[in-house]
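Next up, some structures in structure tokens.
In the two complexes that follow, subunit A is the common piece, with subunit B as its partner first and subunit C second.
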Partner chain A sequence: MRRRERVFVVLLSPALLVLAVVTLAPFAFLLLTSLTPLNLARPATWWDLSRPLANFAELPEDGRFLNSLGVQLRLSFFTVLAQLLLGLGAALLLNRDSRVLEAVRALFIIPMVLPPIVVAIVWKVLFTPDISVLNWSLGVVGLPQPAWLADARLALPAIIVADVWEWFPFTLLMLLAALQMMPAEPLEAARIDGAGPWQVFRHVVLPLLRPAIVVTVLFRLIESVKAFPLIFIMTGGGPGTVTEATNYYAFLQGFNYSLIGFSAAISMVVLAGTFLVSYVIVRWVGAQVDVE
Partner chain B sequence: MSSRRGVAGPIARRGLGRTLTYGASAALLVVTLFPVLWLVQVSFKTDVEAMRVPPSVLFVPTLDNYAAVFQGKFARSFVNSLIVSVSTTLTSMLLGVPAAYALSRASFGRSRGLALWVLTTRMAPPIAFGIPFFLAYRWLGLIDTVFGLLVIYLTFNLSLVMWMMRTFFDGIPRSLEEAAAIDGAGPLQAFARVTLPLSGPGLATTAIFCFVFAWNDFFYALVLTRSRTLMAPVAIVNFMNYEGWEWGRIGAAATLIMLPVVVFALAVRRYLIRGLTAGALKG
Partner chain C sequence: MRAEPKNGGRVTSRRSFVRGAAGLAALPLAARRIGGAAAQPARAKPFAGKALSVFMFDHPYPRALKELLPQFTELTGIKVDMDTPSFPVYNQRADLELSTGSGAYDVMTLTFIYSGKWIGAGWASRLNDFLARDAAADQADFLAGAMTPLKSGNDVFALPFVAESTLMVYRRDVFERAGLKPPETFDELLADAPKLQSGDVKAYMGRGLGGFHWIWPNYLFAYGGRFFADPPRDMTPMLSSAESIKSADVFGRLYREFSVPGVQSYTEPQSSTGMMEGRAAVYIDALAWVGLAADPAKSKVKDRVGFALPPGGPAGRFPQVAVHGLQIPAGAKQKEVSWEFIRWATSKEVMSKITETVTYPAVTRASVLASSAYRQKYNWGGADIGALHGSVLKQAGAGYMAYRTVPEYPPIGDRVSIALSEISTGQKPAAQAMRDAQRDVEGILTKAGRSIRKS
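And now, the complex of A and B:
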């Protein structure tokens, strides 16, 4: 048995070693960088640890950073909410034993597996007035045809629409899986007791779905920070800064203005949020949910 | 009260219910697929045709955009994307599959710390890895190289392989290996001769996920490459000039990029949840 264990250690070590080098080392490096005023245009700023917390102290003073948090919050809230409602509705709709629906379900996954850059282009096409079939249709029925992505009030909602479209298949799949795992007895018992469809849904189905809903929302919440290609292609953070989410702001600071140190500090904040939600998933939620 | 499927009952009831369900599903499907299909049809139009008002539904399709896309830099970037995605998939599998087997069979205790590590790295915003890798690669001369991308894709693909293959191995009964051990096979032989040949579908599924995640990446390719290792998703951006967007070519390039992904994804759709949640759920 001792020999067996030793074999396992040999099989496991290379992967763990590589994983540590490609994940833990960069993390340490990111942390270190966030403590320096590193500016690629000024070589002297490498390893300048004289004022380690300067970047973090600057964050609450930086109006553009605070604005980016607000944008991110709105983006995350509305996309996750809409994805949940749409995904739940679609899951209830598609949850039947039927060959046809089985085939249909497979096609619903397409938006979420597309390369994100393609999703961004798809919606850029639909929201650009020159070639937008959407705008043309609005014109036909006599409605105004806004320049979605150039309009400060409509740019963020446009990105939200694209993100909801891209990821509602995920909530659909997760909740459909949970629905199919659901035991039939409580539902039948409720119906025999005379509960109507809405009552059954509200008092039996929904409570049974709760763990799956929680975990789905948490996953979408983490991922909602990654809407990068949508923002990059559709609006570039504009007009002004109305679609400049935190992740995108960090990108601009680091790779457009070369303020790598400050960008690293913003990234640390985003990463902390990711870690927190991951912790909740692993510690409390993941173990209770079984989706198959 | 004859519905077999518990939950379907309250929502839809027999004949009328079924018609409504099918109708609503069809409507939702059309709305969902319309944006993609619209882009695909743009790829078969000339730029003049694409801008026509009202939009033309009946038109003479042209393959000019595809021809143009193949002649330019895009073809090269498509090959680059293939090379990088395949090589990172192979590397992740080579390192990750044995590790996953060890995690599945050995008693290392409840590895919750490892699960958190894997999930966090899988979910981390790309910028968090982008910055340190960018700095290190500038120093090491790995900016704009295939190897550089291969390594950064390991940050998500290696942990993905370990977690997904682990659940696949968990599903293969140990009794088979024990039987092999009685016949005198060592643990490595039992793994190579008994377990691995039974894991075909799991290996294929996991490899497809690795490929798709590398193929779909935009951020790292944008930040870590220039012209030599131009990747297909970044190459598309080149069709967006100051003079205007070349809609037809953008459509053609986008269609080409999404094609392999859609085919692969439909093949592994049963395991999508497992892949997308990095094995945090059994899915």
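And now, the complex of A and C:
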């Protein structure tokens, strides 16, 4: 047994080494940097660990950082919710054996495989009044033609729309796969017992889908923190700071102002927040799934 | 069948070829031995075969330079790879690149608002030695207002290729129809704005996104405000003063009430295109951008525009200037080759050529500005652009631009842009937005170690 363990460790160690180099080392560097006031324009600030928590102490006083957390929460909540509802709806509609529906499924995947920058440019064009087909169409039917990205009330919803368009195919694919793997017996039993379509969905399909939904929401929630290209191309965080999500703010601090230490501290908070939310979802929703 | 030899019937054997080649290779050596160093011909292309990596932001000058690169390669034998992302992307990448000192680029643009930071941090090379031994570069020919921001004391760190003086372009036909004269003050512009609008034509075109802080100082100084108390000595921010709030309010109203929908998210190319398409009556921005309204090939309103100094206010007129130059990064590995490119790209010949072939009046050399070809070409709508440009550079030489080259300016400019964006989109009243900006800018300066008076 001990020999088997040794072989196991020897065989596993290259993979662990690679993982350590590509994941743990950058993480350790980020953590260490967040404990310094590193400013690229002032070389003396490299590895200055005299006040290790100064950056973190500054964060609660930074109004722009607090605002960015609010933007990030709204962005994550609405994008994941909309992607889940749209993806689930589309998956239920496409869960049939049909060549036509197979072709439609392929079409739905297109936004997801486009490079994020292309998606951002497409939506920037659609939301720019002078050149927008969307605005032109609204004008034709006599509706107001807003300046989507320059209007403080519409800029964040515009980014949410673009993000949902890009990523709801992911939830669609995940949930469609789960639907197609679903055993037919419980559904047939429910129908024989006289359950209507809504009751079948509510009491049979939805509980069986719950593990897939949890995993999908988790993936999308983690990914929602990465809406960077859309913000960078479409609004630059504006107007004002209404679309300045936390990762974009961290980017500005690090790469516009050279404050790498402070930027690393913001990144650590984002990382910790993502871990925490993921943990709560897995423990809370996952536990319910196990019980059922 | 054997092929006929092409050299008159004589067959060149491999051995005779090698012998001949060796003889040819030995010729220069023999010549040097016979005639000494003086007999050796001067090498016209000492850097032939070298490759240069040049990094500039997208702008009419580098666009024109790209067209001329084959001539540079023919002249020097140096191949050039030029990368030109947009202005904000350039600044982000350049700042990071220079901080690492990797030497990935041989020549880079020294951006005006980063000059204090990059020069202060030692990220740009001194060009004094190159200038001293290269009379053709003719440092004295660069306009003083264009050179000052690229120097520290007597040390030169870049040669300017653009001096962006702020000018106003206006639609003569729109003003005539409204029975108005071009505004002399921002108050006049605001009062005239409702009368200048009709149909698709709005009164005002500006620059949005992060560019607000470039245009607004024209207003700020005109109303008697200042960015800082007395930069760089006293860096106490003055953003929440009554003059500052008044100027920000007028600025915001022009964007909110009298501008093209969505202009708050426009980049410079979008704004200048809007003006070329005839979407606005007045456009205030840098010369290279407003000048495009007179572009004979692209502008739909080229025959209907006039040019003037930007409006002023109770305190006078303070047209803004931004100067960008070409530098050799401190980490560059072949500085002699880099210099070869810089001296060519900023030479009188190349600058003249560019002013002649494309619409580019924002020159930095006195000789080009004074040339008859320039004066003849850049006379638009009765306005002598060279005289306006020279006048702005001269005024800016008085020192009111000192606020913009302090090392802390980039994050402060960004923060001010946010406040102006909030005002121009109606998120906050001017007083609140500027007070919030004041508080944050005080924080930025304190963090940078500046001693300031808190409000």
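Methods note: the second predicted complex is superposed on the first by the 254 of 292 C-alpha atoms of A that agree within 3 Å, B and C clash if a C-alpha of one lies under 4 Å from a C-alpha of the other, contacts with A are read in each partner's own complex, and residues count from 1 in each chain.
Here is the rule we use: contacts are C-beta pairs under 8 Å (C-beta built on N, C-alpha and C of every residue); 3 or more make two chains touch, one makes a residue touch a chain.
Only a predicted model underlies this, so the values are computations on that prediction, with no experimental measurement involved.
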item: Which superposed partner A:Gly238 touches (first subunit B, second subunit C, both, neither); value: second
item: Which of subunit B and subunit C A:Lys226 touches, first, second, both or neither; value: first
item: Touching partner for A:Val18 - first (subunit B), second (subunit C), both, neither; value: first
item: Broader residue contact with subunit A after superposition on the shared chain, subunit B or subunit C; value: B
item: Which superposed partner A:Phe255 touches (first subunit B, second subunit C, both, neither); value: both
item: Touching partner for A:Ala152 - first (subunit B), second (subunit C), both, neither; value: second
item: First, second, both or neither for A:Asp130, with subunit B first and subunit C second; value: both
item: Doubly contacted residues of subunit A, that is, touched by subunit B and again by subunit C; value: 128, 130, 255
item: Contacting residues of subunit C [partner subunit A, same complex]; value: 88, 91-92, 95-96, 99, 117, 120-121, 208-210, 260-265, 270, 274, 279, 407, 410-411, 414, 418-419, 421-422, 424-428, 436, 440
item: Subunit A-touching residues of subunit B, taken from the complex the two chains share; value: 1, 4-12, 18, 21-22, 24-26, 28-29, 32-33, 35-36, 38-39, 42, 50-51, 53-55, 95-96, 98-99, 101-103, 105-106, 108, 112, 115-117, 119-121, 123-136, 151-152, 154-155, 158-159, 162, 186-188, 191, 212, 215-216, 218-219, 222-223, 233, 236-237, 245, 247, 250-251, 254, 257-258, 261-262, 265-266, 269, 272-273, 276-277, 280-283
item: Subunit B-touching residues of subunit A, taken from the complex the two chains share; value: 3-5, 7-9, 11-12, 14-16, 18-19, 22-23, 25-27, 29-30, 33, 90, 92-97, 100-101, 104, 106-118, 121-123, 125-126, 128, 130-131, 133, 136, 140, 165, 169-170, 173-174, 177, 179, 182-184, 187-188, 191-192, 196-198, 200-201, 205, 215, 219, 222-223, 225-226, 228-229, 232-233, 247, 250-251, 254-255, 260, 263-264, 266-268, 270-271, 274-275, 277-279, 281-283, 286, 289-292
item: Interfacial residue positions of subunit A with respect to subunit C in the complex; value: 40-42, 63-64, 128-130, 145-152, 235-236, 238-242, 252, 255-258
